[in-house]
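Below is a structure I'd like to ask you about.
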Amino acid sequence: MNKTKVGIINVTGYAGVELARLLHQHPQVELTSVTGRSAAGQKLGKVFPHLAGIDLTIETELDEVDLVFSAMPHQESAKEVITLLDRGIKVVDISADFRLKDATEYQNWYSFTHPAPQLLKQAVYGLTELYRSQVASARLVANPGCYPTGAILALAPVVKEGLIEPDIIIDSKSGVSGAGRTLSLRTHFSEVNEDVTAYALDGHRHLPEIVQELKLLRPEQPLSVTFVPHLIPMTRGILTTCYAPLASGKVAAGKKAAEELRQLYLDFYKDEPFVKVVESPPHTKHTWGNNLCLIHPTIDPRTGRLIVISCLDNLVKGAAGQAVQNMNLMLGLPETTGLEALAIYP
Amino acid sequence: MNKTKVGIINVTGYAGVELARLLHQHPQVELTSVTGRSAAGQKLGKVFPHLAGIDLTIETELDEVDLVFSAMPHQESAKEVITLLDRGIKVVDISADFRLKDATEYQNWYSFTHPAPQLLKQAVYGLTELYRSQVASARLVANPGCYPTGAILALAPVVKEGLIEPDIIIDSKSGVSGAGRTLSLRTHFSEVNEDVTAYALDGHRHLPEIVQELKLLRPEQPLSVTFVPHLIPMTRGILTTCYAPLASGKVAAGKKAAEELRQLYLDFYKDEPFVKVVESPPHTKHTWGNNLCLIHPTIDPRTGRLIVISCLDNLVKGAAGQAVQNMNLMLGLPETTGLEALAIYP
Amino acid sequence: MNKTKVGIINVTGYAGVELARLLHQHPQVELTSVTGRSAAGQKLGKVFPHLAGIDLTIETELDEVDLVFSAMPHQESAKEVITLLDRGIKVVDISADFRLKDATEYQNWYSFTHPAPQLLKQAVYGLTELYRSQVASARLVANPGCYPTGAILALAPVVKEGLIEPDIIIDSKSGVSGAGRTLSLRTHFSEVNEDVTAYALDGHRHLPEIVQELKLLRPEQPLSVTFVPHLIPMTRGILTTCYAPLASGKVAAGKKAAEELRQLYLDFYKDEPFVKVVESPPHTKHTWGNNLCLIHPTIDPRTGRLIVISCLDNLVKGAAGQAVQNMNLMLGLPETTGLEALAIYP
Amino acid sequence: MNKTKVGIINVTGYAGVELARLLHQHPQVELTSVTGRSAAGQKLGKVFPHLAGIDLTIETELDEVDLVFSAMPHQESAKEVITLLDRGIKVVDISADFRLKDATEYQNWYSFTHPAPQLLKQAVYGLTELYRSQVASARLVANPGCYPTGAILALAPVVKEGLIEPDIIIDSKSGVSGAGRTLSLRTHFSEVNEDVTAYALDGHRHLPEIVQELKLLRPEQPLSVTFVPHLIPMTRGILTTCYAPLASGKVAAGKKAAEELRQLYLDFYKDEPFVKVVESPPHTKHTWGNNLCLIHPTIDPRTGRLIVISCLDNLVKGAAGQAVQNMNLMLGLPETTGLEALAIYP
């Protein structure tokens, strides 16, 4: 059987090389073409020694493939995607360019006029757990951001069921690889090691994505979401702690409430291969290199407030792994193909 | 002039050795006696090479001193403190044993019956910025916990002024030294490196301390406080992110609100040598080794919610530094004596 | 086809759980039994959440299997191994108990009298690259230590060819997981983070193993080996820097010498799937989670001295991965089965 | 008494800000002027929040001062220094521009023609322990590199006494701050975290400095020095492990040799405030933020080879602290003034 040919545009960032790693190990597809501007002409394994086992040269133009992952920066990705779709190639876009349904939001949050607003409706938001069937038939999947993946999965069950009041706090702690491979003082080792800080207090670009998706889960529910990301001194992993008041009268009182809540999550995610509802506060370490999102819902016994904690590997379930998960569906493959790896611990 | 003689009980933990370091460099006091069970009989500088410049032997019994820091574990510290006070020695207690005013809380949170409830009222809660004059005349100061120091300083201005609604979320990220020098799997390098997790979701012992002090700032204000601490892979530092709804009608709308809020904090802390209200989200790195608490208050522009972020070095302003700050007042010395060191960066 | 059943004795250390991870993902064997004293009776995935996908309970006694990995501490492992061999079960021993050929060395280095000196000759030293055929027919393989694997692979080509003088310096830098999961102050996060130190200056237990194997490569060559291990603040990885004088007259002068040397290494390891001779100083990061040993041989242009640098993941090629590599040979499987994973970067 | 006015040229690197920190806390000098191109016009404490306590603006031109530290990059520093000396201002040059005595070495190692070869003889190499009296009367001190400081102090006693054979191996492990504040992929957090690598195998610029100074200690001694630096994932600290054969007949045999060796070091450094000969392998952590160099000399019991390990904080004794130590001598102040701080542990 011939394997499906896939390619990566702009392979040279952390999401790009993680895609290359996962696709190389995928039994049903073949990574046959990778592009990248800065390193064009060089062997992939020369620029990224951990990929020495992949015999590909970084090109400026993509070869013929059946499906492409675009890991271009936002705004540039949209242009590429339009051309690819015209050529009849399916696309999983790692950038933010097709995540938001409202074109004006691109002006607000990314300062550019979206070049193809008509595609925003066609594009499927690739949070696989929420859009499985749409992904399966999509020709363009907008792969979610790393923060939204953890936040939305953490909150989806209670939002959908109307179990919480509108006031949601999302406090995320991210490893540094989420900030990419581009140099900056805030990702300079001596600055970020032994340090923690909050950032983007006036609004992180992942906020509109989170709000859009939570609202779609229960359109009649008003929402007031505060999202504060933090950078912590580790390479991979995002832990997100969500807080919200429980809607009165919806959940039983006392200890029973926590059990009920837990059951709600277990039910909601019961068939999900990559979402695990866990009994104690999860560790990002247990997702290191795998495609899982671990979720721990509980109730603050003193205030009756909902606390839900989720964690994932920002480069796997938060980026490349979820992209492969979406690709599997788009190609009619079992969803977990190539994504069964256990976390590497310690 | 003779220097005041001071001692440390149970010098062998991280707070204990940090006290030794600060006291050794203090120009007005002399550290003349240190005790510790496990290492008794050994030179302090043998057990802790960075203290090789201090010529003291770790003893089992304290020598005659004028003021003592107790760095004993809780429950054991109380017993020591009672004896010391009887001998007329002033005490700064690093443990939790005199922080809570309500003796029954020791049963609830620490599972022991407090041996001297009558002292709980005498003891002054040593958050210097709030109890300066009481500390100055105290014979027993209960040095605050590391989390409460950052959380209370972050919230005090708005709680006191009644600017927020009762629903407070306190999300803290702590370096590992806060968990002490006692071995445990959760502080084992390979477990905590490249990991972040939340803990104590059913109630951390620092919560009653935070609630007690916030309530005292505005007794008529109802409060519903959720506090979730997280452990992150660094040695020193705590960053605390606080969230609360602004009370309606109390703060101006729009951009002006953030300015007003900032001014409130600047005024509240205007004479404080160790609290700095800063213009952008603070970094724990900027408090590495110094006695500062950096505070950044702001308003989420989309939800109008209060966000206040504070950070400090958990072993200095969160423990030993604040203890020395209290000692200075108790001895009639300028509050900043021996605490002027700048943070060590990077 | 029925998979071969394998088991792990004492699964609860870092080498043990890494074995479990690799064996679970192995297409030709089935991990059917794991033992461990401390955690007996618990589900493996409960104690080690990253192994939640493995449905096994930690037992006190091993079930029937065809091959066993013993991850017991030294001295205890020997006893288990003797029993297992008597039952006709093949064994890969992760401990040091069958690595040394001379029984008296166990007295010198491990302070115990070896219980089965006769087995020391039968046991094959499982540095697969040097003993491939013997491993294939062995019923007992002594899996090498993490330091020896990197050091011997780095030096084997030049020692075997007699290209160096006897004076060998081996300076190794190891991540902390090599020190295991047992608690100790030297692996306590706050002690080891932001620190580097040398240890075992009077002789590390891996030294006799290194010397034994280097001598066997060229028995007539006198050797004077100094080995100094260092602990550095990271979880996985060992980098070893070896220094030795080149034997005069054996290598061409000048730049050509480095090329000749490189060619020698390329030839020596040309058929090895898990040893890569690389063109620039290797990074442990490029071996994170894979079974590779990267080797960079060069000549100091000013002194004409040999410098060889090797690196590997101490828990994979330095322990569990190499054990699986040996198992593959012992079971007649292709050597790389289950070990093809690329390193996880960054 | 008026304090001596001092300035810093190019304050914006890590050595520069560390100088600012130390000078601000120095009781006998006043930091009155700092320059820096990129940040000119901004408050020092705005660019570096940990220096908020210093009320200085970063200027393009230096004010009148009595002594200047130049923290300019090499080649640029030389030009500045020439001008400063012409103006009669004493200089401590942090750059490499006056460390090497042979002007042709600048062509070889730094690829530029030295603009003032005549000053190379005047300049005093500021390894204070070796050139104390010359420093005291110098108008230009070339502050040593971070690696040379640790390596030369480790080897000086045995080289000077002729106790070793020429074959010296120097294997150094450095924290990342030594690579400076300038952005590069090799200091990007996600690249260097969880990684160790060797670099500059064809010759690091600190090598000629090390060789020059070791030769000056015993001109008749031939030397063959190999120096390999490694980058490890921590911010501050250098640990250097030196290896050399002992000269036959110079040191007693057996255990006595190690004692004799240790005594030699104790004698050599007996009056040194900043060099401590320690009994066990030192930890960089015990020099975090202080001006000490810890040295542990020993003999490999099996090979009779000398092993000497030194460690220091690369930004203090390896840069800014040593510069202040030199300044103290140049200004006739006690050498330890402003440098008494204990290390910050953990």
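As written, the chains take the letters A, B, C and D, and residue 1 is the first residue of each chain.
In this section, contacts are C-beta pairs under 8 Å (C-beta built on N, C-alpha and C of every residue); 3 or more make two chains touch, one makes a residue touch a chain.
A quick note: this is a predicted structure, and the numbers were derived from the prediction, not measured.
Colleague: If you average the Cα atoms per chain, which one ends up farthest from chain A?
Modeller: D
Colleague: More contacting C-beta pairs: C-D or A-C?
Modeller: C-D
Colleague: At what distance in angstrom does the C-alpha mean of chain D lie from that of chain C?
Modeller: That pair's centroid distance is 38 Å.
Colleague: Compute the distance, rounded to whole Å, between the mean C-alpha positions of chain A and chain D.
Modeller: 46
Colleague: Multi-chain contacts in chain C: which residues touch at least two other chains?
Modeller: As it turns out, chain C has residues touching two or more other chains at 14, 175, 177, 181, 190, 193-194, 233-236, 282-283, 285, 288, 346.
Colleague: Along chain B, where are the residues that touch chain D in the complex?
Modeller: Residues 14, 17, 21, 24-25, 48-53, 177, 181, 194, 235-236, 276, 278, 282-283, 285-286, 288-290, 294, 340-346 of chain B touch chain D in their complex.
Colleague: Using the touch rule from the top, collect the residues of chain D that touch chain C in their complex.
Modeller: Contacts found on chain D: 167, 169, 171, 173, 175, 190-191, 193-199, 201-203, 207, 224-226, 228, 230, 232-237, 239, 241, 243, 245, 281-285, 288, 298, 300-303, 305, 307, 309, 311, 346.
Colleague: Can you check the complex and tell me which residues of chain B touch chain C?
Modeller: Against chain C, chain B makes touches at 14, 175-177, 181, 183-185, 187-190, 192-194, 233-235.
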